[in-house]
Structure formats: structure tokens, C-alpha cells
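Presented sequentially are two complexes of chain A, the first with chain B as partner and the second with chain C.
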Partner chain A sequence: MKKPLVIALLILLALALLAAMAELPAVGQADAPVHTHVSARYIEQGEAETGAHNLVTAVLLNYRGMDTFGEVLVLFTALCAGFAVLLAAARNGNKHYRQPPAPQESGAVPVIAVSPVVSFVVRLLAPFIALFAAYVILKGHLSPGGGFQGGMILGALFIALTLVLGKQYSARLLPVAWRPWLYALAPAAFLVVGMIGLQLTGYFLGYPQEPAWHGVREAMMVTLEIAIGVGGAVLVASLFLALESD
Partner chain B sequence: MAAALTVSWSALAAWPHWLIVLILLPLGGAVLTPALYALQRRLVPWWALLVAGLTALTVLPLLWRLAHEGPFSYLPGGWARPYGVELRFDEFAALLAAAVALLAPPVLLFSRRYAARAVPAGRLPFYYTLLLLNLGGLLGLAITADLFNLFVFLEVVSLSAYALVAVGGRPVAELAAFKYLLMGAISSLLILLAVGILFALTGSLNMADVAQRLPALATPAALTLAAAALLVGFMLKAALFPLHNWLPEAHASAPGAVSAVLSGLVVKAGIIGLVRTYQLFAGVELLDTANLGAILVWLGAASVVMGSFFAVFQHDLKLMLAYSTITNIGYIVMGWALASPQAMLGASLHLFNHALIKTTLFLAAGALIYRTGLRTLEELRGIGRTMPLNCAALALGALAIVGVPPTAGFVGKWFIALGALQAGRPFFALVVVFGALLAAVYYVRIINAFYFREPEQKAVVTAREVPWSMLAPVLLLALLCLGIGLLARLPVEFLEPAVARLLDGRS
Partner chain C sequence: MLPEMLLELRPNLDYAAVVVLFCIGLYAVIVKNNLIKKLLGLNIMETAVFAFIVTSGMVEGGAPPVLGPGVMPPLASPLPHALILTGIVVALATTALALALIIRIYLQHGTIEADQLRELD
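After this line comes the complex of A and B, so read on.
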């Protein structure tokens, strides 16, 4: 009885969603409001107003910089939330906390030896992957790419290296003492760049528009891209390490 | 002298950047907390308290400017609306911001001793980080005038809230947090869907701009879906009946200080979201907003009755308080949806007052659990003799939430009841009275257990008052519960024009 009811409700919901979607302007329709209202100005004046040759970056770091600041904070929140539930709940004076699991018998966790081929290839490719990540991060404000994408590549590289070379190596790559500062890197960079913008233009996250300040504007955006990239990489890497230690 | 002071105040309030500082302080403070913990771990609780205190001070010039100039905007990056993201400080943003400002410092002061015991040591820095992120996210959500920005801050608030429920590490809390996460994710998804539809329809994300462009549209199904998704999404966040299922366990099993923030402030994010939804769709003739209002009035009334009804049968003190939150969310939504000036005024007042009262109650309950480790009324009987000050604060908070006349809880409910009569719907005034009577039943049970029963548990007999750094915030908040009711004129005068503007459909 319950199943047909659920199916009927799902069909009803799907019909409602489809009816609404049918009314939305078709994808690519030139006179749709998404193309004629706010975006029109982004496309016509974006490059001149923001100095970013990639319009996605123009929206991301300039027009809607507050959103990107918020997104970076969401990532930071996710990282802290992950730590807050993953880190061992060691006893500290309250009987309600569950004991940490007993140390496992040796051999219970199978140690998979990494094949020499995989190890060699990962180590061989590592510098190139890192170079590609840096390219994606820095090239972001000229062409498709940017901090978020490049950061993920860098983070994936870190995970591959940790799997191949072991945790001692990852501790050298990402020193424990630096980690809390690196967690904060991306949002802190937004704070600093935002404040510099406030000094220069009178608006938080503003960028100086005068041609003479062109270099400063470039430097501010590149700083943000790098911070987003490195911060993203650290996020992926740290969550991986926290999961692994559990 | 007085004149000079006034001048310097207005000069201070005229500094244009207070609004951005208001969110940068807690968010920036949160971001640096893990690093500070690595350097000097003993400083972290004081750091969090300092950040909360400074944030609270930032609200003062904002309120001053709002009272003298009316709502004002801040444009990050200097991009004119609707091209950039707009922040806007209006009366409803001010309401939530003032509640955060008032409650954040006591909660963090209380946390210093409380969290040291309730939260595993390795997770402590993230407890403070998440708490500050949560408060900063709430402030951002209150002041943003942009739909997508609202979603971003809502995610900061929600993510930190899920983790804070589980941070204590008890399996019950972890399960409750997971349930909360699932419901919260559904609600976020619905809100994002609605934002996407509205963007596709109008090409804009600025709330005022969208509200201006919506009435010209001829797409009833898409508009209905957007409105419904926003409504259901925010109702879930606010835990309005019948979407309240996740709340009691999550709020009852979280650490005490977290319960206070969740019940007092985080559910109000859903209410603010409902207010913004109303502002968006108020001018749309294709949608019958009166119909939407009628549904919300009934759901609010059902929330009042069902919340109280469940609370009466609880044995766990914190579960009782959690169900009472559902009741009070019901009052607020009902007041809003009645859409008469006085009911809206009452709902706005109650939003603030309930935050204050519920924080008091949850902190006081947290203090009892901190000392005794006991949670049910049966076990806690007689605790009024060994922890008299703490129990007095709890009793005062209980009187306030029932709505006994001079306390904070009375004003809001009074105006909602008057508003129901003003709207010509006396039935809902009866609901207010009925809810208050049911509340009296379960709070009388609490007071009876604490003061008029013999203690049985050893932990109760040997209990002492909690340390001053925990007791002082509880007592202060309890006194405010009493005092703010007497000062109700000020917020009423402050909110009246805002409510009138909202009812006229101008935002």
C-alpha cells in the first residue's frame, strides 16, 4: 500500500517540476532574461570594468566577490565540520563519551603494497601534475580555469603521493605546524585583499579601476586565485588525512 | 556635553563600513581560531569571547543609523545593484543581528568551562570555530539582499549547525545530527532550486530587483514552484509543523551552549527566509499570497498546539525545551501570516524575545547537566535546593516562555493575540491562549520537580552551583527576560514603521 502511494506522489512531484520547467525560457534563447538583464552588462563591460579577461573570473572575483568569499567560507566550514566529527572523541572526564576503539590486531588491516609501476609513474608525473595545477590556477583570469579547479588538481596530487609514498612523506609535504594557517589561507586572503580594496577604493573587495593601478588590480586577483587554489588543495588533503587516521 | 556626545555618536554611526565589519569580525575570527589554538590553546575561549563581544559592539552604530536614517545598503566592491551583491540593514535584519549580538557573548562565556567538559579535547578548537562561523553566517544571512548570497550564508549556518550537534561525540547526538543533515540538505536543495528558477525568470539575483520584475511575468507554474520550494525549504529550516521532526533530537542531544544557539537563533534563519520570501512575492498577482498566508496561519497554529502537546509528555528536560521551540516558531509564523499590523509586530518581537528566553533556558539546563549529568525531571527532582540560583534563572525563563505579564514572553504573544482579533480571526487569539496554558502545564511540572520534590539522586544532593563564568551569563540573561518585557515600548516604536512598510508591499 505504501509503495504505490510513494510512486504516485513522486509522479505528481515530477509533473509539477516538469510543468514549471516547461515555462522557463529555452536554453540559448537570445532574449531570455538571463542574457538580457544583468549578464548583458557583464559581457559588454566586464573586461573593461574588471580587468579580468575571463568573464567567469570577472563575475567570481569582482561583481560577485562576496559570494566567492562566502563559498570559500563554506569550504572552510565543511573542513572544520569534518574535523569536528572525525577527530577521535577521546575521553576527557565525562562518562558519556564512547571509548576509542581498541587497537586492532596486527594484520587486521591489510597493508596493500603499492606496485612499483604505479609508484614510479606517480613520482614521475608529480612535477608535471603540479605544474599543470599551477597553470590552471594562474591562467584562471585569462581563460577557463581558476583557483577552485587548480586546487582540486593539486589536492588530488597530494592524495596520490600520500598513497604511494606513505604518511611520513605527506607530513613533509604539508607540515603539521603549517596546517591550521593553510586552512585559513583562502578566507584570510579574501579578508586581506578586501581590506586593501577598501583602502584603495572605499569599498570592501573593490578593485582600483584607474589604468595606473592596473598592476595592483592584477596582483590582488592573482593573490585570491592562488589562495583559493592552495586552500582548496589543503582542504582536500586534510580531509583525506583525517579520514585515513580514523 | 550631551550634545557633543550625540554628535560624535552620529559621526561614528555614519562610518559606512560597519555593515561589512559586522560579518567580517566573526567570520575572520573563526578562520583564525584553529591557528590560534596551535599557538596558544588556552587563549581560544577568550579569543572567541572577544570576537563575539566586538561583533556585539558593531551592532550598536548600525542600530543607531537604522533608527535615524531607516534601512540602508552596503555595496561590496562598489558595484551598483543589481550587478553586484548588496547587503542591506533593515528592521528584520536588525532584529536577528541584535539577538545574535546580545546572546553570542553570554553563550561563549558559558562555553569556556562547559565545552571543556562536554566536547572532546581534540575537537575544541573546531567547536569554537564552528560556533563563530555559525554566528557570522547568521549575521550574513540576516543582512544580505541577494538571493544567492543568502543561500551561501545559509550553507555556512547549516553546515556548522550539523557539526555542532555531533561535536560532543555521543552516539545519540551523532545520529540526531545525521537526521538533521539529511533534512537540512533537502531544504537547501529546494532553496537552491528556487533561486535558480527565479534567476532564469528574471535574470537577476538581487531581491529587490527580482521582486520588481516578478509581477510582469506570465509563468504561473514556475512562479508557484519557486514560491513553494522557498516556503518548504525555509519551513524545514525553521522546523514548522509538520516539518519539525528533525528538531527535538538534534536540539536536545547537542551540547547545552549549542542547543541555546540552535534553538534561539538558527531556527530564526528559517523565519527570516520566510520574511524574505514574502517580500519577494508580495507584488505578484498570479500567485494568491493570501492563500499562502492562510496555509501558514494554520501550520503555525498547528505548530503551537502540537509542540506544546508533545512537550507535555516529555521527561527529558532538554527535549521539553526543544518541543517548546516548535511551539514558539508556530507563534511567530502564525503572527506573520495573520498579516495584521499588530500580529506582525508581535511576531517580530517574539522572534527576538524567544531567542533570549530559549537561550536562557538551554544554558540553565546545560548547567544542571554539567553538574549532575542527569537529564530527566524525575532524576533532577529537588535540584532547586542545591543549585538555587541556577534553578531560579531557569524558573524565571520558564515564566517568561509561558508569557506571564511583565516578562519578555508576554509582549509578543499579547500583540499576536491582539493582531488575531484585529484581523477578525479570534480563533487564533484562542490558540495563543491555549498554547500559553499548555506551556504553563509543562513548566509547572519543571518547577514542581525542582522545588517541591525530595531529591533522590546522589548527584542532586551533592550538586553545587556551577562556576561563576557559567552562572553569571545565565543569571544576566534571566534578568533580561524579566527586564526586556518592561522596556517593550522601544522595540515596538522601532518596528512599527517596518511592519507598515512591509504590509504596503514596499521593502
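After this line comes the complex of A and C, so read on.
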């Protein structure tokens, strides 16, 4: 009874959206507004002004660096909120917790053992995945890639290793006591690099423009990329492991 | 009216795919009873929005906006890509928080079916 009504409403919504889409400039048209305002400037002068060959990184870290600062703060806040929710659940002792209805046929949920094939392949590929992640993070301003992408690769590798080799192994790889410091690595790096920019140019997150300062500019960008990558990796892995435990 | 719209839509067929994806996600959010399935629907909607904005940055015959030897204009607009990179990270954050909340709901009430949760109140 509910479904046909929802489908009818969604068809109406789709028609309205399609009507709006029909009014947009054609896909791929070179004189659409998205290509003519700031984008044109970014493409013409982005490399000279930021020193990044990858213009997406130029926009992300330089032109719209403040937005990226906010973004890493959003990630950090999500981690804090997730931990708070899960910790409160653990501390309550789950006194409201009612036993879920027992599965009818299968009985108890079986513990899934990791297949030796999966375990071998993960261990075999781990160094290469780590190397690829480092490449994506460090070369993010010159080639496709960047801190967020490399961080996700690194975080996924960490999750895979934890699932295959157990928590003792991942604790040896990255001691639990270090993790809280790494959660805040990306926002802290933005703060530090922003302050350096303030000192050098008079603007928070400003980058020096003179050719002589090119090395400093590049070092600032790479610092941010590494902080975003490592911080993001630890954040994602920790969120996953927090969800997975109990 | 409808045939005219379809004719106008023809150069924008990529956008039409996005609309379909968005509606599939919204359908899951409204109709599905399981909170995790609702969350998956939300993620499908987010994907539709990301695809829409990235598609708008494309240019006919354009290269990716990474400069280097042999890269000739026209280049795709880098701004939508950077915006969507931000959007994807925020979507990840909201998904993780929503999953944590769903786990909490399950621990508290022993169910994540929306209709059963409504009866509890």
C-alpha cells in the first residue's frame, strides 16, 4: 500500500529533476559556467601560483585550503562522536539490552576463520600496498592522488592486516597508546602550516609566491599531504575497529 | 510537454542517469525497514550527487587537470573534483557516525527494524 504511493511520488520527483536537468548546459560544453569563472583561472595560473602540477591538489590545499582544514576537523569530530556513542554503550553495561531473537535454523553464529589463501595474499601484497599508498600520498601534488586517497589505501591495508593477523599484530604495528595522537595529526598539521603561512605571507594558510621560496612551498604541501594521509589512515582504521569490537 | 523535455534532455543524458540513481537511493531510504539498508540508500543518494557534480566538470575531449608534458587544453575543471573529494570524506564521516549510532540502537533495543523501534516508544 505504501510502496506504490512512494514510487508515484518518486516518479514525480524524477520528472521535476529531469526538467531541471534539461535546462542545464550540455554535458562537456566548454563555455558552461563551471569552466569559465574560477576554474579558468585555476587552469591558467594554478601551476605558477601554487607549484602543484595536480590542479585538484592546488585547489584543495592552496586556493581552498580553509575548506580542507574544516574537512579534516569534520573527520576528527566524526571520530570523537563515534567513540562517544560506542563508549557510552559499553559503559552502560547494556542494561537495556534485550537478547535478540535467536536465529531459527542456523543456531549460533559460527566464528569465521580466515582462509589461508586470503591470509597469504594479504601478507604477500601488504608491502606493495604500503609502497603504493606512500607514493600516492607523497606525489599527490604532482600526479593524480593526494593525502586523502593515499590515506584510505593505507587505512584499508591496516584493516586488512588486523582482520587477517589479529589485534595483537596490529597493536605491534601501531601501538594503541600512539593512536590518540595520530587522530589529531591532520588538524594539527593544518594549524602549524597555517601559522607558518601567516608568518611568511600575512595570511593564514598562505603560501609564499616568490620562486626562491619554491622549496618551502613544496615542503608545506607535502607536510599537509603526509599529515592528511597518515592521520586519515589511522582515523579510518580506528573507526572500523571501534565498530567491529563488540 | 514531455516529448519536448526529452528532446532537450538528449545532450544531458548523463544527468538523467544521476536522477535515476538519486531516486533509487531515496526509495531505499523511505521504503526499507532496516536501518542499515536506509543508510545504504543514503549512500546511493550521495553517490548520485557526487556523480552529478563531477560530470558537470567534464569538458568535451578534455584531459584530467594534472599538468605535465603532453597535456594540452582543454582540461576538465578541477574545482568540482576538489569539492567532491571533500564531499566523499564528509560522507565517510557521516556513514561511520551513523553506523556507530545503529550499533548503539541495537545494543539498547535489540533491533534495527524501524517499525519495531516505533512500537517500543
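We adopt the following convention: the second predicted complex is superposed on the first by the 214 of 246 C-alpha atoms of A that agree within 3 Å, B and C clash if a C-alpha of one lies under 4 Å from a C-alpha of the other, contacts with A are read in each partner's own complex, and residues count from 1 in each chain.
Definition applied: contacts are C-beta pairs under 8 Å (C-beta built on N, C-alpha and C of every residue); 3 or more make two chains touch, one makes a residue touch a chain.
This one's a predicted model, so the numbers in the text were calculated from it and none came from an experiment.
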For this session: Once the two structures are overlaid on chain A, check if chain B and chain C clash or fit side by side.
Result: fit
Exercise. Which holds for A:160: it touches chain B only (first), chain C only (second), both, or neither?
Worked result: neither
Exercise. Touching A:67, do we find chain B (first), chain C (second), both, or neither?
Worked result: both
Exercise. Taking the superposition as given, does A:198 touch the first partner, chain B, the second, chain C, both, or neither?
Worked result: first
Exercise. Regarding the shared-chain residue A:29, is it in contact with chain B (first), chain C (second), both, or neither?
Worked result: second
For this session: Could you say whether A:222 touches chain B, chain C, both of them, or neither, answering first, second, both or neither?
Result: neither
Seminar exercise, completed: With chain A at the apex, the angle to the CA centres of chain B and chain C, rounded to a multiple of 10 degrees, reads 70
Exercise. Is A:56 contacted by the first partner chain B, the second partner chain C, both or neither?
Worked result: second
For this session: Return first, second, both or neither, reflecting whether A:188 touches chain B, chain C, both chains, or no partner chain.
Result: first
For this session: Once the structures are superposed on A, label A:39 by its partner contacts, choosing first (chain B), second (chain C), both or neither.
Result: both
For this session: Could you say whether A:19 touches chain B, chain C, both of them, or neither, answering first, second, both or neither?
Result: both
Seminar exercise, completed: Closest CA approach of chain B to chain C after superposing, in angstrom, is 5
For this session: Using the superposition on A, tell me which residues of chain A are in contact with chain B and, in the other complex, with chain C.
Result: 17, 19, 21-24, 32, 34-35, 38-39, 42, 64, 67, 71, 74, 77-78, 81-82, 85, 88-89, 94, 96-98
Exercise. Hey, which residues of chain C end up touching chain A in the complex?
Worked result: 5, 8-9, 11-16, 18-20, 22-23, 26-27, 30-31, 55-62, 64-68, 73-75, 77-82, 85-86, 88-90, 92-94, 96-97, 99-101, 103-104, 106-111
For this session: Over in the complex, which chain B residues touch chain A? Could you list them?
Result: 17, 20, 24, 27-28, 30-32, 34-35, 37-38, 74-79, 82-85, 87, 116-118, 120-123, 125-127, 129-130, 133, 137, 140, 146, 148-149, 152-153, 155-156, 159-160, 162-164, 166-171, 174, 177, 197, 199-205, 213, 219-222, 224-226, 373
Exercise. Taking the complex as given, what residues does chain A use to touch chain C?
Worked result: 2-3, 6-7, 10-11, 13-14, 17-19, 21-24, 26-30, 32, 34-35, 38-39, 42-43, 46-47, 53-56, 58-60, 64, 67-68, 71, 74-75, 77-79, 81-82, 85-86, 88-89, 94, 96-100, 143-144, 146, 148, 232, 236, 239, 242-243
Exercise. Contact residues on chain A for chain B in the complex?
Worked result: 16-17, 19-25, 32-39, 41-42, 62-67, 70-71, 73-74, 76-78, 80-85, 87-98, 177, 179-181, 183-184, 187-188, 191, 194, 197-198, 201-207
